[in-house]
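Next, two complexes with subunit A in common: one pairs it with subunit B, the other with subunit C.
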Partner chain A sequence: MTKSIDIIMPSLGADMTEGMLVEWLIKVGDKVQHGDIVAVLETQKGAIDMEVYDDGIIRELLVQPLETVPVGTVLGRLNETGLVQKALNQNAQIRNNKNVDELNVTSVNKNLYQTPVNHTKTVVNKSSDVTVNASPIVRKIANDQLLDLSIIKGSGFNDAVILKDIEALLNQATSKKPIYTRDEKLVSMRSAIATTMSQSNREIPHFYLSLDIPINNAQQWLQKTNQNKAPQTYTLLIAILLKAVAMTLKKYPELNGFYLNERFESSNKINIANVISLRTGGVVVPLIANIDQLTVLETMQAVRDITMRSRSINRGDRLRSSELSGATITTTNMGQIGADCVFGIIYPPQVAIIGFGKVKKVAQVCGEQINIGEQLTICLSADHRVIDGMLAAKFLNSLAKKLQKPEQL
Partner chain B sequence: MDTKQNQGKKMSYREALRAGIEQSLVDDQRVFLMGEDVGHYGGCYGVSKGLLAHYGAKRIIDTPLCESGFVGIGIGAALGDMRPIVEVMTVNFSLLAMDQIVNTAATLHHMSGGQFNVPLVIRMACGAGLQLAAQHSHSWENIYAHIPGLKVLSPATHNDARYMLVQALADPNPVLIFEHVMLLNNEGLVFSEPEADMEQALIRKKGSDITLITYGGSLPKVLSAATELEALDINVEVVDLRCLRPLDSATVIASIEKTHRAIIIDEGWKTGGLAGEISAIIMEKAFWTLDAPVQRICTQEVPIPYPKHLEKAALPQVEQIVTCVKSLLKREL
Partner chain C sequence: MIINEIERQIIKALQEVAPEIKKDDIDGDEDIREECDLDSMDFINYLAALQRSTGIKISEGDYSNFYTFNNAKAFIKLN
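Entry: the complex of A and B
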């Protein structure tokens, strides 16, 4: 007997209540595999490529493109195929475990970071260009009228969106408003951030610790690693920081997990979310899965990839649904802008957020001598319902120690 | 203006050119025609046939085969307040007079600080299609259109053939007129007056789907392509540049702002040619109105072949224009 599986509007964070189905990328009868992108969603976090979590054949599509539905709505169904028993087991596991962490199954795939494109058959147009291919006049109209071109299929040269392709949309735009315009998206994103952060500040008893950490060794190691490399392939400090955090979390699982139903459950995965500011305003917080299993260089690749895709609007080149749910801890990096330290607000149901300040040259006391060295301040905001001060301090000191030996990360 | 003139008078392009020369000779005693075989032979292409008998050897002057010499004489005459019409048999031989045209005629007004104008008109036959082979089939309008100090005209219609010479003689600058050899025998309408100032481009057919920009000998090809496309419900607008220096970019841009697409049809070679120049102007001034990449249809980059079928294959043809329009509009049949 084949089993029917629902494809539902996913929740991409505590703050998401609804989403719009922009486009189905599959049709009834198509065979799909775990990890395939089946639809494009428009959410407060921007356009997201939605993945499917099971292998099977699409049986029915229940929601039409441009419909906005609440989180949890059944969008379509698929019939399970393949090794029935194995799939059933896997499924049962997913259903039994309502833990958000478990929804993050696809992120285990490390290849994702090297070749996001071979992950799915639905990606047609892998363009290195981060913008939508569109004719100049279409770009101008889109800019003037705040249209999101990424949801339109182009029929011009190189699949460029041309006038003909947006005529219908322009007509439609005057009658009803089926898509979020850029401004609405910004307002909506702003209000989503406001809701979640207010809730967090209200409910979570935050406490804050910071530690100045010398990073002379890390900087030297980076210099050596980046020698003879093109600047665009340089490994940056953030990769060492993330890897060190991941390795330290292995020792302190109390900071890594979820506080749900008045109890904490630590996660066996280390999925670190990173706050990425968008050039159009607002932020997204996509995760990098299993950093503890990546090398520093792989971590760097993952950071580059996810940053690029956070700012991309090309299909198949954007964030995936699995990257926006299931983070076990968050980091925020003020390094570029240059604040000394940042105490973040915890993103529920996580229990900690780590802030990285800017790298500074400072006088370091070394025995009886004063040397000029480099240091940065790492800040930890923690949930006192789960974590106590001493544990937090131990975590920071352990992290500091790890950062002294970047070659061992 | 009586009704008869309004409707236009039918004549060949050659006759229209001759009528323009005659009017100039009659209107202004300073005007004279000079060139190889313009007198006794009646012009290599028969344009000045009969003029010698009527206007005499002082005003219709046969010259030796020495382009540099007689173009130089023309410049001197113009400086001396005459109004010479110099016929260079074809653009191919104008290279021999290029120093006079580029270094003298084009520069004197500038180099004399505005003291001397060179009100010289040089007419020359141009273009391919008569199986005259590589050395007699050139389209070098673009070379002269490159030179500041010159004005370059390309009459594509009978009315322009009739009046552009008169307009050119009224201009204080050296003006070059390119008369395409394939147009000479065609019959067409000549009206009682020019349709516009010589420097203004004209819309020869109004349309909304795409702008075809052309000049001279390619205009009839573009217009017949337009007719073919009309049957397919594709509505093209045809811009006749008329004047290649200075270029009337305003008319071109206004048309593209309406149609959002453009193809340039130019009998010159593509590399370094006028089509590229016009395309660049479109990029500079109308980029944000474009819905498709600008296309160029030019002559194949070979010396023009002698055999008829190869000559045809080398030049822009109607089918090519039709295909290019359809593919740009994505309406392949």
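Entry: the complex of A and C
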């Protein structure tokens, strides 16, 4: 029996209340698979590629481009094809709780960008009378802003002009108004941060611990690994730190999961969100899925990838919806410019956030000698409803041990 | 490469990670990471962009030659 499945405006975290559908990348009748990117959304977290989580054929599209709708609104429907009952049950469970979106996580190495399907229409561009293949949103913008689409090389199906092809052009034209201005985006992002952090501070009984951890071995390992490496393949300390956190969480699952409906549920996935600051102000917090299964070098690739997409370094490369929901814990890194330690505010419904201070040269006592070594302070903010002080301390000490043997990570 | 072209390439590479940066914002003898507010990820991405645009091989041992704008200029001129 064919089952109809709703495609809804996703919640990309507790702080998201609404989103704008910018562009559909599919049309009615198209076949889609779990993980396919079907639309571009504009949210408080910036422009996001929205994925579908079911296999099926698009039956109807209910929301038109440039409409802003609340989280949970049905944007379209698909007729499901060939799903096993187990997956159906899991998806139903996930929809019941929009914050716990574990199924939606994808491996960082998996290229989800399928060949774009033909969702475009051939139109006659008024300004040039040339037949142009373009998506609905592109046609609307082109019409509003008098863009000549015939001079733009499209990267969609049949060379159709899609949104990312005209983004650069729109940004160059200072007189043209983008969908949201930079200031509007920043205000919206600040408001989202304010809502979630206030809620967290109000509801979660935080407590805080820190530990100074020597990282001489990690730095030596990095030096060896990076010898003669080109910048494209250079590994940063953050990759070791994230991998070490992931491996330590396997031993301490009480820090990895969600507190919902007055009970804690640990997650069998280790999806670490990492706070990325934006030059324009504000932060985004995308996750790297299953870090425990990645090598340190793969972790570095993943960090580099999400950082570049978060900061829109290559125009048109965006974060995906699955990267903004389903994180099981968060880390924040102050880097070299930053502070000695940072105690973050927990991102609900997670139960812990780990802060990395800056690396410092310090005097270290080794037996009867004092050596100059390097250390950083690792800070843990934990939810006392789930975690007790001793457990948190054990976690930090275990993490410190892991960092002494980077070659085993 | 002539000096003006080298400067242009450095600024272009910097702008890939810090689009708002202009030549006048940079003191050539100061640490470019502080001048342009680059974190360690920005810095390696800046070097990667510079390597791509100039074709000059930049390996880990050379990174310290890029800590200031003027040192970077000198390094590229020599290589």
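Simple rule for what comes next: the second predicted complex is superposed on the first by the 310 of 409 C-alpha atoms of A that agree within 3 Å, B and C clash if a C-alpha of one lies under 4 Å from a C-alpha of the other, contacts with A are read in each partner's own complex, and residues count from 1 in each chain.
As a convention for this text, a contact is a pair of C-beta atoms (placed from the backbone, for glycine too) under 8 Å apart; a residue touches a chain by one contact, two chains touch by 3 or more.
The structure displayed is predicted, hence computed values, not measured ones.
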Which superposed partner A:Leu163 touches (first subunit B, second subunit C, both, neither): first
First (subunit B), second (subunit C), both or neither touched by A:Ser135: first
Partner chain in contact with A:Pro231 - subunit B first, subunit C second, else both or neither: second
First, second, both or neither for A:Arg279, with subunit B first and subunit C second: second
A:Ser155 touches, of subunit B and subunit C: first, second, both or neither? first
Subunit A residues touched by each partner, larger count belonging to subunit B or subunit C: C
Subunit B residues touching subunit A - in the complex, by the definition given at the top: 260, 287-293, 330
Residues of subunit C defined as touching subunit A within the complex: 16-20, 33-34, 37, 39-41, 44-45, 47-48, 51, 57-61, 63
Touching residues (chain side subunit A, partner subunit B) in the complex: 135-140, 155-157, 162-163
Touching residues (chain side subunit A, partner subunit C) in the complex: 226-232, 234, 236-238, 279, 303-304, 307-308, 311, 313, 335-337
